[in-house]
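Got a structure for you, questions after.
Labels run A, B, C and D following the written order; every chain starts at residue 1.
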């Protein structure tokens, strides 16, 4: 069965991409499956300078999900290009850089650094980090900032496709989707995490040192699917669905409402080969949906009365 | 152990209230526990006229949660007052009416009908129903409408305390909380459901006839707790915490971040006596939190660095 | 056999005792009797194993298939997440049960009564036959897809006049429908009770309404609470009003419900 | 005993074989060996029963307590949602295992080696002792709260020089700390390996750093991935940089980590 998908100039073997922050730099998983089999890999969020991230504790398990407040710990974009990218199978699999910045200018600078890198297939612009108040949150929730950040990245990215990753913590996701499209985004990806919190009643302290964190995992799948559905109706550019995807069926739900590809995040923690297993299982799920290929399934949602 | 809580002129035996739409009119549960033991009962959403609600299917189970699109099916406020209220132990337990309307005027009218009813302890104003586009959604997401609806209810409610129930589907819950406070709300309750969706890939149809529905249950607890935390910091009026509460520990997490009482919703489906079991379990959980009474625990969250 | 009124319904935690055939997808699951003295066949129970945690927040509704002094039996097919976990219980595991729920079938004595079962719809009739005051007036018709050995049919056929038809191919369907209509016509003056998939029930409803025959239909909807509170399981009654299948049904007069 | 490099780590689904004492909260859990030929004591495994579904999305990390040709054993205490479910596995249940993970303790031959175990921190030393090339150079000190019979201590004490001290009341603590310091001083020139609760480790770290003694500490943090990808389990290294406990540890040189 042909599982290929094409969008924004990318050709992926299948629609399964690993989500930023949940698959490291890919190399951590090379003993659990052949990285070349993945549709793509979005690496951990990259900033201009190295970042140590937030204080510990940074993660907590919640019913069917988890909260994280990693705070974009990363070695910086230069170290990624020097130490990690050369080890990745970038000729065979789309390696997508995830850009984290706290200002429009920094986003532009990051795009400039990555624009000439042969091994980078596309840029994913994280305008939605809920963990860090300075910059991240403001960006993701303000349509004007989304447009500006997108424009800044588009101006400096060379010929790399630009995917803007949206936060769900907004009143109207369609407005944010259109804001990114207006800025020239080649595609959207969504959702990033929902802002959440947990308290340890024994100590009466927030479990996360950062107090609040991002909720991800199967718990949020219904919210993610709704957001992707709304975004797909709001814009003309391709959409990558993210949020709680743990099985091939889950992936196909997102494609049915209009996503072109999907990213698997928290499910990589169920077992480290989960993304590979989802790919293995795609043909079976496609038969269940009686879908000939991905293009036929995409956006084929049958609304009541149709 | 003294579990009493007082707020907005109400005195409750304990902080456990059953949430609207998940406990019917209370009577459905009278064989599973003594209704008089509950802190309070919020009845199913009431509208001026009877409503048939949405088409079927209306509910779907999701990981650690559920989606519903009941569409406020109810016999109308008059039928409630005539047929249900007299059967409830309203002298011993706070019976709280949940008001659903599609305009500011209707909210005022509903308050007018209920204002003189001895058996009604308080009014909960549902400005957040995500299921119905006409009216509900607009109200819950627009701070100006929240203020107006609150004012309209306050003007006509006689001496009944008014609790405004907020939707979490907004960019900034603090803004909505302050909007309700500005309208004269005596208390807030939150959260209502998160807007979500599910698709059956076999039929390629949305599982819910209404396409989208409200996500509730343990899955959303982290989001609810964060919203309650933010609302408690934003306003001076008491806050009732709602969202995913399934145990006494969960209830105490909400009280620790500042809630005065809580409502138990989807957990009533785990088993029909769950709210009674949570009350039974409160003293043990209070010991775990080393809390002397509810007032001492309320808002005692210890932030990092404190 | 008394109709239990709602106030007597209790939640109990009981032990799982075993299943009839561990390898099959058709599971006869036996629990300790939760202390119920009687029930009305057609009533159902909500089951939720204690160790389910939170992933599946709802109980699962099943027709009460048998009740005796010691045991409660339900008969189900593994179709999804809940039933596959129920089929893997270990002896001694605790199951939370609430019931008996709903209204149940009529059981008029000395009245020709036609039991129309489609597939898993056979479950409630097991106890119906065992508890009927005049079983000699009963007649069972069973339409099924998988082999008869998967169902408790044979034990039932020993007690009442019974016949079964298997749907091997879609072409068998018209013959089955024809036979149902014949039997309903023959049963004129009596009552027909039906439980099965929606198309099966629709056939029966149409024929009953058209012919003015007395019939009762047992409905299935996804259920969250099982006690009439959530309004998630409604169907339309004769006047087009939404009523809860769990509390006002699951059994409806054929002319008083829209399928 | 070779250090497995990361590329050899596999996810395997293996069968649960049994536990040592079904009624206890201290569980020695034995699984089929997932096909591992060797491991380095101090390394750990992530365990996730296949039937867990989605409620608990993370595996649970446990020190490898023993490994032989047929079996993999971990030793844990029931403390929360995951461990209580692990303690209730049924024989034949499948468990997904990934490992061996992390770096493990040094095992220099013919070197006086002091094993300092606090509570459940005894788990990795079981296999350490069994696999050491020169066990006569090992000495075990075990600080514990609950009775000794709950731990695999006695089996270990048969093989190496060992002593145990129980903390009955908080007043016992200074004596225990004193004894640890004495033993560490006596072991000067050798190496101390420690695993236990944070205050226990802090005592050892302080004494090692102050005295310039060679020591290794095995850390515990909540883990999601176990393979260095999520950055949820970090500690600060000597330079104050965040490093993953799962991938760069769990064993750290005492002077190269902040507790």
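Everything below uses one rule, namely that contacts are C-beta pairs under 8 Å (C-beta built on N, C-alpha and C of every residue); 3 or more make two chains touch, one makes a residue touch a chain.
Since this is a predicted model, take the numbers as computed values, not measurements.
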| item | value |
| --- | --- |
| Given chain B and chain C, the chains that contact each of them | A, D |
| Per Cα centroids, the chain farthest from chain B | D |
| Chain pair, A-D or B-D, that carries the greater number of C-beta contacts | A-D |
| Centre distance in Å when chain A and chain D are each reduced to the mean of their C-alpha atoms | 35 |
| Where chain A and chain C are represented by their mean Cα positions, the distance between them in whole Å | 46 |
| Cα-centroid distance, chain A relative to chain B, in whole angstrom | 33 |
| Where chain C touches two or more other chains at once, by residue number | 54-55 |
| For chain B, residues that touch 2 or more chains besides their own | 63-65, 217-218 |
| Category of the chain touch graph - line, ring, star, complete, other | complete |
| Contact footprint of chain A on chain D as seen in their complex | 6-11, 48, 54-59, 96, 98, 221-222, 224-235, 241-242, 247 |
| Chain C contact footprint on chain B (complex, rising order) | 21-24, 28-32, 44, 52-53, 56-61, 63-66, 68, 70, 73, 217-218, 246, 266-273 |
| Residue numbers on chain A that touch chain C, as the complex places them | 63-64 |
| Contacting residues of chain A [partner chain B, same complex] | 55, 62-65, 67, 141, 169-172, 194-199, 201-206, 209, 211-212, 215, 218-223, 225-226, 229, 244, 249, 252-253, 256-257, 285, 288-289, 297, 300-304 |
| For the chain D and chain B complex, residues of the former touching the latter | 54-55 |
